[in-house]
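Labels run A, B and C following the written order; every chain starts at residue 1.
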Amino acid sequence: QKVRRKANQSKPPPTPKTLNPSSGHSPMAAVRVILPHPHLPIPSWRPQLKPSSSYPRRAVAAPASLSPSPLTASLQLGDVIEAQQFDRQVLNEIFEVAREMEAVERGSHGFRSRVLEGYLMATLFYEPSTRTRLSFEAAMRRLGGEVLTTENAREFSSAAKGETLEDTIRTVEGYSDIIVLRHFESGAARRAAATAEIPVINAGDGPGQHPTQALLDVYTIKREIGRLDGIKLGLVGDLANGRTVRSLAYLIAKYQNIKIYFVSPDVVKMKDDIKEYLTSQGVEWEESSDLLDVASRCDVIYQTRIQKERFGERIDHYEAARGKYIVDKKVLGVLPKHAVIMHPLPRLDE
Amino acid sequence: QKVRRKANQSKPPPTPKTLNPSSGHSPMAAVRVILPHPHLPIPSWRPQLKPSSSYPRRAVAAPASLSPSPLTASLQLGDVIEAQQFDRQVLNEIFEVAREMEAVERGSHGFRSRVLEGYLMATLFYEPSTRTRLSFEAAMRRLGGEVLTTENAREFSSAAKGETLEDTIRTVEGYSDIIVLRHFESGAARRAAATAEIPVINAGDGPGQHPTQALLDVYTIKREIGRLDGIKLGLVGDLANGRTVRSLAYLIAKYQNIKIYFVSPDVVKMKDDIKEYLTSQGVEWEESSDLLDVASRCDVIYQTRIQKERFGERIDHYEAARGKYIVDKKVLGVLPKHAVIMHPLPRLDE
Amino acid sequence: QKVRRKANQSKPPPTPKTLNPSSGHSPMAAVRVILPHPHLPIPSWRPQLKPSSSYPRRAVAAPASLSPSPLTASLQLGDVIEAQQFDRQVLNEIFEVAREMEAVERGSHGFRSRVLEGYLMATLFYEPSTRTRLSFEAAMRRLGGEVLTTENAREFSSAAKGETLEDTIRTVEGYSDIIVLRHFESGAARRAAATAEIPVINAGDGPGQHPTQALLDVYTIKREIGRLDGIKLGLVGDLANGRTVRSLAYLIAKYQNIKIYFVSPDVVKMKDDIKEYLTSQGVEWEESSDLLDVASRCDVIYQTRIQKERFGERIDHYEAARGKYIVDKKVLGVLPKHAVIMHPLPRLDE
């Protein structure tokens, strides 16, 4: 269900052919994508979560743990901490479930699925994010599950009184079957997963990672372009602070013959850890300052917002970085016909 | 279900005969109104919301769109943006459903209705309002539906990062079947409805309108007084900033032989657009500064709070306006016996 | 269900034998307690809440009102305002239900109980508390009920516009079947219960009481030590501002041959009202500044956090009080083997 949900989270951005040239302000009119699948019956797949107290202690970044089912014999639920934890086999199974879940979502308006009936998910958000939080909660509710929600745990909880994340996690896992954590510190999800005996899903940890967004992004690329091996991908914008581009780079590196172009202002360049990981995985990458040239070569342009809130006091750096690389009509003009532009949102003027 | 819910939102205010003259502080003891209807079986009525992707594009301020059902053959669900979108025929049908829903609500304690099972409502509140938000959410839950909630979307969402309302709406409609929007800007609901392909309900847009409150108010008048044609209505208090009086004026204008008295401090007089609309609809109105005189002529006194938060820095204006027109024992003394006093809450010392 | 829920709220703290001496930072590793009970079938017990409008007016601090059922013939649901409202007979019945509910909770992962189906609980939190709020909401959801939630009613509601608590309660009771109230003022729960015609549960009212936490604490003592009569209890830390210790003292006083030791810095000593109550109930108590001596005599050490937020400007007092009495290895060394250490959380360095 994770992936089905994420297919909603940030709607797949429009392909160039959906652009409305008459809307002057933004050339990227967000268009609702009509899914091609007919309504299918509710699947028999249902996660086999055990009572938390009988969970075996799992390694933190273990591959998504897996439960037998007619549909996905090897797919179980476990922690989702970082994009690199998945291998191709698990990704394929997730995408299969995702495709099935698209149909469930289509058919869910007015009908309540029971796939997750009786399960209780806690969304623990230390950093507010309506888009991400509602995406998880909608998925849970569409599938018959229940939700405990915190909109701003940082300000409104024991964290404000000095409680450690670990103590909070131990309490919340007593109430729920799975925890979705958004936190302002890189590594928080890993710490939470090390503490919890129930699964933890990382919904973004500071400038760290955002693996479920990356799962969605890779799934969207596969659906829009038709394949993942051999993709040419341009990552544009804030590559230093954008956790979605970091997770996407880790995930796409699982595929063959990938080429990645980094296009970003100097102050927010992609960090070395990602570059070294890509090199170690045999992924070709290069940095470029010529967005038009990159656009003409890519299957996917993945554009991100320059995140003002991560610049702190350095407003001068923010102003310098903002608006340097913008997808405008010139960029659209050189894009290959089959290419798509993606954006994890929110977008400003990029 | 909209009206049933609103019948809860602000409890019908007490008629004069329920007053407790010994409670010195406020002469308007809020009294729980016992509904006269016996418990009825759950109705067969159930909205026929289609999957959002197959919705036809609807005109923004179209009359509440309509679906066939045994109960209300012409009533469908659509955007609810402003009070004037309704005509008498639609209002009558809404009131019929409301009456039936009162019985459902009575019988719902311990029994879960399934009228809205499988539907997911997102409450997107950019301006906090516990009363209004909980009223919608309680209605949805009483009728078997599910809720995605945001308590303070302005501060805790992408809006704080500069995202447009339109982008947010496009995301949220991907998660839900209907959006209830409270916003701080007049016209926001109209913009949201123009963007969304699922229904949008305006739960108050700045100093603009609050149409569901007006539906409730008109329904309450009908239930308490027994008719709507020929009503004499005194609107008292902050008529410049009060969106509920604006929506109520628009809605009551649909009926015959209405007479409206405006009683307000000079700085918060009813605006010209409403006056012109009433004149164009053949509704008699006059301004008065004599609350006692008005009270002696009215079927309904509709009292509102002077809204400090809409005065901004002009505390002097607020102090001048506050407490000028107060419903006290003298006012109660001149009210006709059958008359009722209504207040959309919250109330201070008025 | 109240007690079952609270058994989750603050996990029973570890007994000394679960300590991990190698974790230098805190000697109190919070350990998940495995409940000994096998999975039991869902109980037939189901509260007989009547429609709110037909509730008889109840005395404010009446003992938890009671409804006939096969399991607990005399247990009904009513207001829960303060610990002293319960008598031993009612407590025994609550603990019986609690024990049964532990089994329901164990079995609830993936199965939805219907004990509270069709009931709607409003959590009205004027003071944020994620732990307490989620504990009530999780309990309600595990038992099949629905929830209306406010994370920060003080800031985000009509209270900010000057509405009285009574008016807010009258509105919210129109939407729900039971209200869980957390408030920043002592006595707020009593005022709410005097206003509401539906049950009100006090989830903490300023420095007043926290009776459901005390129910949990007493239940935990009974489960861990095996009895309640004859218990020797050390209350350590902030006894002036800690509402949980106040409620616990009131509740444990219902039992025979209780001995209580107060160990606290001078500025946050236990207040006289509690001491006088204990004396009037024949409970032995003494104040001590020797934690080691007290620890060697007790069955239960109940440690609380020095609450910085209740000191206001007096940071010097806070610094003096903080860290004076800490449960460290020396304390653990003198504890009787069967003794347990409890903490209502959050904990800092105590």
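Quick note on the criterion: contacts are C-beta pairs under 8 Å (C-beta built on N, C-alpha and C of every residue); 3 or more make two chains touch, one makes a residue touch a chain.
Being a predicted model, the structure only gives us computed values, none of them experimental.
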item: Rotation in the CA alignment of chain B with chain C, degrees, nearest 5; value: 120
item: Same-residue or different-residue interface between chain A and chain B, half as cut-off; value: different
item: Inter-chain centre distance, chain A versus chain B - centres from mean C-alpha coordinates, in Å; value: 39
item: Where chain A touches two or more other chains at once, by residue number; value: 149, 151-152
item: Touching residues (chain side chain B, partner chain A) in the complex; value: 49-53, 117-120, 122, 146, 148-153, 155-158, 160-163, 167-168, 170-172, 174-177, 197
item: Residues on chain C engaged by chain A in the complex (per definition of touch); value: 8-11, 30, 32, 34-35, 106-112, 128-131, 134-135, 137-138, 141-142, 149, 151-152, 305, 307-309, 345-348
